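Next up: some structures, all given as structure tokens.
Across the two complexes that follow, chain A remains constant while its partner is chain B and subsequently chain C.
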Partner chain A sequence: MENFDIRKQGPNLIVWALLLTLPLWINYVSYTQLGTQIVAMALGAMALNFLLGYTGVLSFGHAAYFGLGAYGAGMTIRYLMPSTGAGIIVGTLAGMLAAMLIGPLIVRLRGVYFAMVTIAFGQVFYFIAFRWNGVTGGDDGLTNWKRMPIDLGFTTLHIESQATTFYYFVLAVFAISVGIMAFLLRSPFGRTLIAIRENERRTRFLGINVNRHIWISWVISCTFMALAGSLNALLNNFVDPRAFFWRQSGVFVIMCVMGGMRSFWGPLVGAAIFIWLQDELSSMTANWQSFVGLVFVVVVLFFPRGVLGILRRKATE
Partner chain B sequence: MSQLILLAVVNGLIVGAFYALMAIGLSLIMSLSDVINFAHGGFLAVGAYLAYSMTPYVGFWGGLLIAPVLTAGLGLLVEKVLISRVYGRDPLYSLLLTFGLAFIFEDVTRYIWGAQGLPYQVPGWLMSPLSLSLFFLTGYRVFMMALIMVVVGALFWLMTRTRLGLRIRAGTLDLETVSILGVNVRVLRNLNFGIGIYLAGLAGVLAAGQLGLQPTIGDSLIMPSFIAIIIGGLGSLTGTLLGGLMIGVASGLATVFVPSASEAVMYVMMAVVLLVRPQGLLGEEGRF
Partner chain C sequence: MSFLEIDNVSKHFGSLVAVDGVSMKVEKGELRAVIGPNGAGKPTFFNLITGMLSLTKGRITLEGQDLAGVDPSQRVGLGMARTFQITEIFPDLTVRENIRIPVEIQAGLSMSPFMPKAMRAPISARVDELLEAGGLTRIANRLAGELSHGDQRATEIMMSIALKPRLLLLDEPTAGMGDDETYAVARLIRRIHKDQGLTIVLIEHDMRVVFNLADRITVLAEGRPLAEGTPQDITENATVQAAYLGGEA
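Our next item is the complex of A and B:
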């Protein structure tokens, strides 16, 4: 704590204070489950931003890993063993394994081409979930399973019945994951990723294996995305093929951009705004999809830096 | 059995021709403007529904003629007002913009024409089979294939024999030089976008006759179009055409033998191409 700088730590303190006290005030604006969803989706958006904002690689297919985490968790609990922990672990590992296998096929590509190939690969999983009726439930989704209480030995977490307990469970997973990502970004490895974003050719000339770094960053990003997917599935006690659909990938990207891709907490802010907005809109109008589309257009044309980008610019002026 | 395989191949070629028509438009826009047009499927649906709405007044042939042109007009407008504003910025923004447009297009078509599928009337004489032994070969299917061939032929002529086509192809390679040589790049990109959307609109009208009308009609066609581009090689129109037909036939054959793999087979082909020849079958090395 010797270099404690309130200006630097201020945002972190605000974010954690808000997240830790969320169950106390959320009922004035919304409900606890929505808060849980925001934290789970924010983990996904921050995982994507590890690649998008900090490595500068344009992935549009992250829904695939979100969905793998979700189906991994659901299918483990339904078919293998009724344990929440096992579900999360299997779901996350499934996403990681798929990312490791697909990575070598795509790390050579760049820009829009990378985006197009990632999105196409993402669709493979959509069709598997859609077609493999007997196991995945097909179009109707995977049902007949639910999250289980977690036995810690000295106490049991009743995440299946207490919304607040589940919220804090998700928040704890979120905190550990975000901590790991922040640690990685501050390490020499993370600095190399930022160097790749800023000037790939120069980084290459320094003797750094750019493709391998992108591959590792891709796997890390997809792994945390899968973790987010499994948390979201546990929240709903349900998952359907739409978790894999390419539109879901776009939603994660807009969360990053809306909050601010160049800020660590940007995707969290973006996820909070997007999910709250979608929740409000879908209860007000049947045409909420148009408004969501409009949000995309307005953000791109008028707020490309995102909320935190704008705030930061104001602060430095 | 041979009849069954022939049926699968013909079906595959027809679906593949749709993929190709869409993929060529996407590829034109992508190579000149660096924009993945996610709204392409939306434009396709608009073309199809416009044709449906005008058929009572101008007939099937009028719809086929006018609807794609109107769709292209809408495309010119959207490019001018919205998409042209994100040129030169990180490609991320153009992706998100067209992504948002795709949402809006789908929702608006659903709002105007309803979420239920609508029947699309094709002249009766076109729907009858040409011969009894080849029962699946209706006049409409033959006509569709012929029309798509003519349109693609005309596009190749445009690209290789006219000044506009020459400039578009030159712009794909080096837009800055083309601009310095005195070509109005804004207009060039606008027209190029319009051509791409025309093809989407035409694919929409033809697909409506074959598959029926639904607001999500473009959704099922856009992913295979991406795959067609990846397999054929970005920047090569011949490659894209070939890619479209190949995955069409492959998934047609898969439908006969392993129905559940009819989509998966396309992705397997894509993975193999990326592994062996990342630039695509006819793509140039080092462009991406």
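Our next item is the complex of A and C:
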């Protein structure tokens, strides 16, 4: 076992302590459901950052997989079987499958071309969800379904009625997911992804099939994004085509950039700031998006490494 | 059969003939330098070997294997490692991480989602060994992007060595360096050549580097072969002096 280094483990301890105790203090600043939304969306942002921050590939179409997870969960519960677990599994696998199939078509592209094509694929799903009224509910969204209690055998989790229970359920899924991502990033495979981010040409001339590695990173990223989508849909007991819209993809990119793409927890911080601001401002002004945009611009201009990038610099000084 | 055989290769860019019927045979364990005055077509010739450019005419074989249609990254797989005129490293990672990544790749771990326990110690040992051999131990924990030119080049060379190549290709390894750095890099190249018995082909502008290092030298001028021989042969060759050495000194 490596030595326990408080300076390295400090951020992890703070994050987990805050998340685990959230239901105890959130009511002073907000409410539990908002905490649940932050955790679900943070999972999406961290999934995107696996590709963006750690492989150096900008996708502007991750909403496609967020939406597939959401619709996959909702449609499973509504049409197939009233089971939360089945909904999450089907939603996540739907996103993963789509990413596996779309991946080979796009991994040759780089930079803005990659981003554009990912948007285009996202919009295709948007129009399907929008048009296919009979099944998806079209513009009005998919209704008439809700998250179901989870029977674990020895006990039943009443996530449908108890906000705190649902929060801890979402947090558990989040913990497993980011644990897997952290583990992968510290593996030889993860280091190869970081190598691609750092210098693609050098990595290619170390004998790596860069496109194949980007494909795998893309599939991992999209799979966890779909999982986040299914959790978010379960939170709302609802999903509509905007889950697929490019603006939703942009929201995840903003969360990553605002919090800091080079920090593991950066996207979580970005998600918390974004969702909290949105919640506070939207009750005060219809123009809340302009304010969020303003905050984003300020962060990008003055803290190019995101909020956590600043904190980290302060800590090393 | 020689280790690397370059047989009458040419490269045309439209009507421009950049490399015109060059042949070269490199033996195993040899350090070969390719030189030539400005306009000789050295970069083009080099990139025909690395596969970045395709041949218009001729044939290149590595230990008998024809390299036609083998793309640059596949050539890496065949044991051809290279450095670039403008150093290509991982600037935001430490020197140790820069070395560790190719060591893990060479060990076949680039797709591995975890570090096998049995590999942990040998990988670390190999990284330390390469850092030591490259004179990088004292700066192992610094970010590669913050190093001097010479240390970055040493890092890049050791990254290539980490792949355990059969053939190392160096594209102007001392380009843009001052005297001290040039000397340090030249010493490193000589050391890895001697210690590992590695076959090396380099193209270079700096004549002192070449005459001190190379076993044999190939001189190109205007895309054509002008002379080939030991450093001494080349110094004494009147044609070369006329075309190159005389002109430059």
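We adopt the following convention: the second predicted complex is superposed on the first by the 315 of 317 C-alpha atoms of A that agree within 3 Å, B and C clash if a C-alpha of one lies under 4 Å from a C-alpha of the other, contacts with A are read in each partner's own complex, and residues count from 1 in each chain.
Rule of thumb we're sticking to: contacts are C-beta pairs under 8 Å (C-beta built on N, C-alpha and C of every residue); 3 or more make two chains touch, one makes a residue touch a chain.
Note that the coordinates shown come from a computational prediction; the quantities given were computed from them, not determined experimentally.
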| said: For A:290 in the superposed arrangement: first (chain B), second (chain C), both or neither? | reply: first
| message | If we overlay the two complexes on their shared chain A, which of chain B and chain C does A:9 touch? Say first, second, both or neither. | response | neither
| message | Going by the contact rule set out at the top, does A:143 touch chain B (first), chain C (second), both, or neither? | response | neither
| When the two structures are overlaid on chain A, which partner does A:208 contact: first (chain B), second (chain C), both, or neither? | second
| query | Looking at the overlay, what does A:27 touch: chain B (first), chain C (second), both, or neither? | reply | neither
| query | Taking the superposition as given, does A:187 touch the first partner, chain B, the second, chain C, both, or neither? | reply | second
| message | After the superposition on A, what does A:106 contact: first (chain B), second (chain C), both or neither? | response | first
| query | Which one hits more chain A residues, chain B or chain C? | reply | B
| Partner chain(s) touched by A:198 [first = chain B, second = chain C, both, neither] | second
| Which parts of chain A are touched by chain B and by chain C alike? | none
| Taking the complex as given, what residues does chain A use to touch chain B? | 52, 58, 60, 105-106, 108-113, 115-117, 119-121, 123-124, 127-128, 131-132, 246-247, 250, 253-254, 257, 287, 289-290, 292-297, 299-301, 304
| query | If you look only at chain A, which of its residues touch chain C in the complex? | reply | 183-184, 187-189, 191-192, 194-195, 198-199, 201-202, 204-209, 213, 216
| Of chain C, residues touching chain A in the complex | 72-73, 76-77, 81-82, 84, 88-93, 97, 100-102, 104-105, 109-115, 159, 163
| Once bound in the complex, which stretches of chain B touch chain A? | 30, 34-36, 38, 82, 85-86, 89, 91-93, 95-97, 99-108, 111, 223, 226-227, 229-230, 234, 260, 263-264, 267, 270-271, 274-275, 278, 288
